[in-house]
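One structure, as structure tokens, below. Some questions next.
Here the chain labels run A, B, C and D in written order, and each chain numbers its own residues starting at 1.
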Amino acid sequence: MMKVQRKSSLSARARHSAAAVCALALLGSANIARASDPLPSDPELEAVTLSAPKPSWVFVERGFVVPGNAIYDTDTGKMLGMVEASTLSDLSIDPAGKAYYVSESIWTKGWRGTRQDMITVYDSATLKLKNEIAIPGRILIGGRKFNFVLADEGKTAYVYNLDPASSVNVVDLVKGKFVKKIELAGCASLMPVTGVGFSALCSDGSLATVKVAAAKPEITRSAPFFSATNDPIFDNFGYDGAKQQAVFLTYTGQVFTAKLGATPTISEPFSIQAAAGVSPADTKPLDVHWYPGARQGLAYHLGTGHAYVLMHTGEYWTHKEPGTEIWDLDVAAKKVVRRIPLEHPASAIAITQEANPKLVLSTERGEDGPSALLILDAKTGEQKFMLENSGGGVMRTLEP
Amino acid sequence: MKTFNPDAMGEKLLRRFAGGTSRRGILARLGLALVAAPVFPVLPVSRASAAKPDRSPEAKTTFARNAQSKDDTKCDYWRYCAIDGSLCSCCGGAVNRCPPGAEHSPVSWVGTCINPDDGRAYLIAYRDCCGKAYCAKCNCDGTDRETQLYVPQLNNDVIWCFGTTSMEYHCSTAVLVGTA
Amino acid sequence: MMKVQRKSSLSARARHSAAAVCALALLGSANIARASDPLPSDPELEAVTLSAPKPSWVFVERGFVVPGNAIYDTDTGKMLGMVEASTLSDLSIDPAGKAYYVSESIWTKGWRGTRQDMITVYDSATLKLKNEIAIPGRILIGGRKFNFVLADEGKTAYVYNLDPASSVNVVDLVKGKFVKKIELAGCASLMPVTGVGFSALCSDGSLATVKVAAAKPEITRSAPFFSATNDPIFDNFGYDGAKQQAVFLTYTGQVFTAKLGATPTISEPFSIQAAAGVSPADTKPLDVHWYPGARQGLAYHLGTGHAYVLMHTGEYWTHKEPGTEIWDLDVAAKKVVRRIPLEHPASAIAITQEANPKLVLSTERGEDGPSALLILDAKTGEQKFMLENSGGGVMRTLEP
Amino acid sequence: MKTFNPDAMGEKLLRRFAGGTSRRGILARLGLALVAAPVFPVLPVSRASAAKPDRSPEAKTTFARNAQSKDDTKCDYWRYCAIDGSLCSCCGGAVNRCPPGAEHSPVSWVGTCINPDDGRAYLIAYRDCCGKAYCAKCNCDGTDRETQLYVPQLNNDVIWCFGTTSMEYHCSTAVLVGTA
């Protein structure tokens, strides 16, 4: 740990700059010595190393055909590196900052051969492979934030599986060992619950809570509070591990907050459209309203309790449509405090958990291609960077 | 007036693709250990899921109002109201048939689409063709009545290649199962 | 063989059409019976099967990030299927029409693990995996026609390797076994030579010929006839196995013909530009000329002895530039008989070996994206199909 | 006037990257069996290759005439006159340094590029960074003096990941070796 921390105290950018300064200095002295001297040979350099993950970083799943999680620093707009990953894998960030975990499925011969499911562990400083933890299986879907989640301060991982029975694999990350499989019929999207295990959303409209430690895991379900087929909750919702709270958003724009625990409590919903002073949406196809949507349509800032939601106009059942506006919702106040129009529609939104947060958007079309990364100041909506050819799928940021 | 009933849909799908084999037989084919309930986990939707929303032909979606029945290599072909991925009909297969070398998944997600010619709602099984690399042609993403991961048989992002030799996703078909 | 031939006598398109007719018939009779009957359920259908490869088919390497060889019928413009393949693999077509061979390298864990080099054998009717023949290694490059070639009527395969020593692996396709490795220092791009083995182009400007059967393979070299560093021969050249002839084209547009054999003979070169009545090109960067170029810039029609060359204007060292014209060169007559201007620049060209051949071009920009497949009548230059999102790398056609 | 001499380039590269280790050492590191001649196969160019064309600064290519020396994340940066692939400087690395987790190939293809500031020709080693999936950012393809597969050390399409733990291609650097 100490070693990693020391390495990480000098960030990649700083090293890079230091090297550049050094090279310039060499060049400078060479020029002083004799103006006509040729450029010196480059020194042999080790690969760049990184600091521990920072709140200003965003991890972008690059997509289905070019996998991997590209790391960008929202302070500089630069790509810092990439956490290697297979297609349809999921990333989690070690809260201690020492490792990145990738839950993935790899066949021994590309598209054929023997399937190997594992959690692959990378050192956060070198991004080198540290370990592979075999697991019995996992869902192949990608683009979801809650299929691979860490609990117990990063000591435990829950990996969702669908084969096509649904279950959760419990993994001890300290020992690097699969622990057990918990059947979880009809539920998905895992929220760690401190001292209990995890909760999940279910097809009967309830929230299931699973006590993991019990010899035979106990599953309890809340009363149904939403319709999984008529007005579903987006499975990329907002989750605050520290406060043990989740913010759920439905296709029509109903917002629920859930206080997690052994017996969770779920609030009455309110309409995000009503919170913005416009007409609440419904499920009738022929009506046109503002609707939430996109693949990752909600970014939740834990410090302020604001949810930033991608919204578009249209009819019902357009829940994958990219957003043309960001609505900044103060969840506790039930008030949309700002609407940020977007020049290019966005299919995913994330937020850095900084005191002055930045929004990161995967937009549908930049100047140069179909997918750019847009970095905005969350408070002002001001554009800080537009990174061409850098967009992708789900984006993750470091949480406190 | 027809309403949406995932359980009935599931029963039809079972009849359609399980054929003579028992649920147990399908599970064995899928290589699954038979553990506890639910015995057939493709159908996790509880009968308790109460809401039966209006999904009649009268409540047509944007997709349904603009759908056509002539060209199954286009995203607006009526059966594709909830498809996600490459159309097998553009990849050497057909609307209901895998391209050469690909394997039809015995299970699938489903949709309810309205045929523009007769105005009826039909149950469509979006059976993935598996065991080959992504076809990447004619990519479509219909979202009529498409829901989230906790109802996987109505979610079109899941790789539905269970019980196939390889789980690599190639393309998706839209098999007509019957009236919804 | 008989079984495959019988299956293949009913092509995929014919089967598809038959099925469609059948479905319509069913629907028709249903309509007659009762107009209000709902559509019948679809029958359970096996995957489409293919006929043996036809001269009208083209096999398109899809590219670096989305591998596989897409098969298109140039008669219909339809995709027929795909021969599975890893990144940087090479395809060869069994001249007997029974199999497709893919020379490929696969790691056991995606980008890591144990490397496995093999020739993967697919049944040409079902496109299902038939066999894997392990080989000791192969070059990782892709986009080359002469790194994996078949000889002895498809009984033998030669696989080029660079590790970084260069060598050729000899494989017995009948027995499905690697036979031996032949060191081949400083040469590459393999041309099978009947009854001898193979020839290759060398960095000293010579043509090497390797007698494969000998206990210690004998390598002889022609006198140097081109400059490998100053005016290189494009390594995607023209080759006629039946006539044992190769057509070589250099960066400046010099055309050589080689009669292959134990002692090959190489013609005096002529300038393709002079053959078109324009000024011959040279190697001086500041001069502007018509130059040949692109990644696969020459397509050779065996029946007529015409070479179709992608040409562009520019300076020297622009040999990867896509072509803006096709020059139809009658090689024996040393005459460019037709120049076909292209609306979109093309990075690769292939030709079907039909009596009325079709040119297939991978163009840089179609309506919908960066890479479309253009199919032209080779005699008239008339456009037959423009297939969006279908272009790629090297293209191969069936040879007689 | 400097002329192009692949053999001399090769010697420099050997000195540059082999360092104190012998040729034998490098070969061992590459995991190659030591078989017959040529002992170091990175240099298959025979000294017999006669032509010494004019590659002096006076005979500048289009690339060289338009090259800049300020921004190494752009394709027209002077060192990239014969690069092919993603620039490591756009991927978390630098012009001469691998991004985190990638491994520098000890051998490479080479180019001779002209620095616009001093007008000199320099030998550039395009050392691939390996062991990670394709970076796919800032893709460039310089072709000055780039030749074909039978001169592999002057061909920029070969995956130059020899002697690395994994041969997966991530991005390419442009390491300044010395004057050409």
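A few points about this structure:
Following the convention adopted for this analysis, a contact is a pair of C-beta atoms (placed from the backbone, for glycine too) under 8 Å apart; a residue touches a chain by one contact, two chains touch by 3 or more.
Predicted, not measured: the structure shown is a model, and the values here were computed from it.
Common neighbours of chain A and chain D, by the contact definition above: C. Should one ask which of B-C and A-B has more C-beta pairs in contact, the pair is A-B. Among the remaining chains, the Cα-based centre furthest from that of chain D is the centre of B. Taking each chain's centre as the average of its CA atoms, chain B and chain C sit 38 Å apart. Each chain gets one centre point, the mean of its Cα atoms, and the points for chain A and chain B are 28 Å apart. Mean C-alpha position of chain A lies 43 Å from that of chain C. Between chain B and chain D, the centres computed from C-alpha atoms are 51 Å apart.
Touching two or more other chains at once are residues 132-134, 136 of chain B.
Across the assembly, chain C contributes 65-66, 84, 111-112 as residues in contact with two or more other chains. Touching chain B in their complex are the following residues of chain A: 64-65, 88, 105, 107, 111-112, 115, 139-144, 147, 162-166, 183, 185-189, 200-205, 224, 227-230, 232-235, 283-286, 314-320. Those residues of chain A that touch chain C in the complex are listed here as 65-66, 84, 86, 106, 108-113, 116, 129.
Residues of chain C that touch chain B in their complex: 12, 16, 19-20, 36, 38-43, 45-50, 62, 66-68, 71, 78-82, 84, 122, 125-128, 389-390. Per the touch definition, chain D reaches chain C in the complex via residues 4, 6, 30, 32, 35-38, 41-42, 44-46, 48-51, 53-54, 59-64, 107, 131-134, 136, 141, 143-152, 154, 157-159, 161-162, 165-168.
Residues 16, 90-94, 96-104, 115, 118, 120, 122, 129, 132-137, 175-179 of chain B touch chain C in their complex.
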